[in-house]
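Two complexes, one shared chain (chain A), two partners (chain B, chain C).
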Partner chain A sequence: MSLDALENYYDLDDIISTNEKIPCKIEIPIYRLGYLDSSSVNEHLTPGSKLEFPFWMARSLCSRKRHMVSVEMPKQYREAYREILTADASVVDLHKLGPYYFSFGIHMLKFELPESPDVAKILVKSFQQRFRKVMDSSQNCYNEDTSKLTDKLDESEILLFRAGQHGLNEFVRWETRQTEKLTTSEMVKNHRKRKRAIMEDIG
Partner chain B sequence: MDPAEVEFIAEKELITIVPNFGLDKIYLISGDIGPFIAGMPIDVPLWMAINLKQRQKARIRPPEWLDVEKLREKKQEETDSKFFTEMPCKCYIEMTTLLLKHAVDDIPHADETRTLIKDIWDLRMAKLRSSIDTFVKSDATHAKLNHLTLMELNTVRPFLTKALDQLNVLRSNTGPGAQYTQD
Partner chain C sequence: MLAERALELIRELQRSLDGTLPPFNEDKVRQVLEEMRALFEQNQKDVSATVAGESGLFSGVQLRHAALERNKRCLLAYIYNRIQKIRDMRWEFGSVLPQDIKYNLSEQEVQWFNKYNKCLANYMRSIGGTGGLDLTQDMKPPKTLYIEVRCLVDHGEFETHDGNIVVLKKNSQHFLLRSECEHLIRQGILEHMVH
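On to the complex of A and B.
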């Protein structure tokens, strides 16, 4: 997930990241949708009840023109978590706080909540703090299992990690003179395998 | 860019060979080369030198800087300096890798040379990484790095450009210029 792909309608990662849930408070009565709130037996949604909506839905329910719900900051962007990130962002498990921490955070800024400027600042600060770790780990492991290194990274950081690995791998391949060897293209290889499977089925 | 493409560019670098055959001047797009006279040193592009070497038509004379003593000094200089030092050749890593692969018998102390070049490379890459980190952590909008070589730049390029892209997106949300779109 690259952050600059934000708002790209067909970007799958963007779709997933806008699917994260946001706590919302209902502002006007909504009729016959009481079943959405499993904790109440009412037929209608009453003002004041709290629900979680995915971002894309909350976005259209809460804007300057239309104010059917009011949005709250999800807890992983609130004061307590911001303090943890300020203390030392490089040890925080961002994958656990939402695999799309950065992009979802940017999306959240659009609601213009009072804490938005702080969230925007903490996003930049955390990125800068964690950057060194992502860079060093991506440039220093060749031919190893990388899942341990990436399991605490946010999706956009994993993308960075992959880019770093790509640079390193290409260089090592060149240095060990593997680039000049001609290899069978993956497509041809798979095609042959498939053909063989078909032949064996017939036989 | 692919490292192979970087290598392709480096192969244009001139290097001295001593041919063991005679041939008239040859006319190439990049310029005329020759005439070749057996035993007379002549400057040719690296790709040609390697080709001739593979066919055992010439001996390669390693460039002046490819010398254990000089490389040791260079390594010391690189260790002492906070910044990047100027390399004797813009494509040192490509050249040594190619020469050590194809003309190892023409290079005295090949093993030590290999280690020294690798050490210098590692030193410079470590420096490059820490300067990238400093740059990202600071709020500077541009940085100037002198004497970087193409291969070094090429190894960090995919990573660095992506990182700066992301940082730019994150940063555009802060500060007075922040624009929130709201319908």
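On to the complex of A and C.
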């Protein structure tokens, strides 16, 4: 996945992030699809019943033109969480709230709910605040274990972090004149490692 | 929930690391296609019922249609991303894939790989004068014509362009034309010695 691939039809991360669940309320009866609601034995989905739909399904049932279900903001974007993010965004564990907190949040804005403007604002603000830290840590952590630094990051922040690390590593390699050395391709190396692991399992 | 299986395919692909390709999950692809057929048939039934005068079925049709589109997206993304990976492998491993990777490809993917190989070879022959131009070479700008290399594995005999035969034995060192041994370095058989 690359950074510019967000919202690409074939992008794996985008497909996974559009599967996040949203609380929905049925507005008009949907016949013969009662099995989608595991908490009821009804054959149909009846108006007023509440259930969770993945984003892609809710999106096709709720838009300006259609109103078969009504959509609510998932709780990690509601007032309480927005306040936490306003207080200090850089300590919040977005991986736990997401892990696609930003990209899913952007998708949620398409529903044009009353609180959408606030959510949009908080997404930008927290991204700005956290970006400083992400960039700083990615540029200053060389040859160390990075899992502590990335475990609270959202998926898109992890991509940024990796990009920064890649840049840093390439720069150090250039500085120490290692770039002229021909090396084994990374893919071949990984393939070898894996093969060895399998061989050892058998033996 | 609908389209759950298709998502499993996507997750499976996403989990796989660089340099590996999970086996083509024919079984699950078939299950997704079956789900799609069921959805489509139900939709057809509802549409003809609506034409016959029944009302209120539109919402169900819309929901199923969304699930169909979703399944389609997942399947296409699954195939597309695998092909992308296979294409990258052509540049890293060379024109012959390792046996265990080839084993994980579907029949159509093997066909695609062979065609891609042929296309690339034809193109490389057609450019750069009479001898053609090997695009997989000199991925980094070359500094010298000859380089010093050390063998990492026993590879056997290697015939250079001028007809000499070099025995590539583990830990032996050689002074070879860069253009001839670059791909052996990429594949981890030789190590480039820099002083």
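Assume the second predicted complex is superposed on the first by the 177 of 203 C-alpha atoms of A that agree within 3 Å, B and C clash if a C-alpha of one lies under 4 Å from a C-alpha of the other, contacts with A are read in each partner's own complex, and residues count from 1 in each chain.
Simple rule for what comes next: a residue touches a chain if its C-beta (ideal position, glycine included) is under 8 Å from a C-beta of that chain, and two chains touch if they have at least 3 such contacts.
The structure presented is a predicted model; accordingly, all values stated were derived computationally and were not measured.
Contacts of A:83 after superposition on the shared chain: neither chain B nor chain C is touched.
Of the two partner chains, chain C is the only one that A:12 touches; chain B does not reach it.
After overlaying the two complexes on the shared chain, residue contacts for A:64 are found with chain B alone; chain C is out of touch. When the two structures are aligned on the shared chain, A:167 is found in touch with chain B, with no touch to chain C. Once the two complexes are overlaid on the shared chain, A:135 sits against chain B while remaining clear of chain C.
Once chain A of one complex is fitted onto chain A of the other, the partner contacts of A:43 are absent, as it touches neither chain B nor chain C.
In the superposed model, A:179 lies in contact with both chain B and chain C.
By the document's definition of touching, neither partner reaches A:93: not chain B, not chain C. When the two complexes are laid over each other on chain A, chain A has residues 177, 179-180 in contact with both chain B and chain C. Touching chain C in their complex are the following residues of chain A: 9-13, 15-16, 19, 28-33, 36, 54, 56-57, 59-61, 66, 68, 177-192, 194-195.
Touching chain B in their complex are the following residues of chain A: 2-4, 6, 63-65, 102, 106, 109-110, 112, 116-117, 120-121, 123-124, 127-129, 131-132, 135-136, 138-139, 156, 159-160, 163-164, 166-168, 170-171, 173-175, 177, 179-180. Per the touch definition, chain B reaches chain A in the complex via residues 2-4, 7, 97, 101, 125, 129, 132-133, 136-137, 151, 154-159, 162-163, 165-171, 173-174, 178, 180-183. Only residues 1-3, 7, 10-11, 13-14, 17-20, 42, 56-57, 59-60, 62-67, 69-70, 73-74, 76-77, 80-81, 88-89, 92-93, 98, 100-101, 140, 143, 147, 182, 185-188, 191-192, 194 of chain C touch chain A when the two sit together in their complex.
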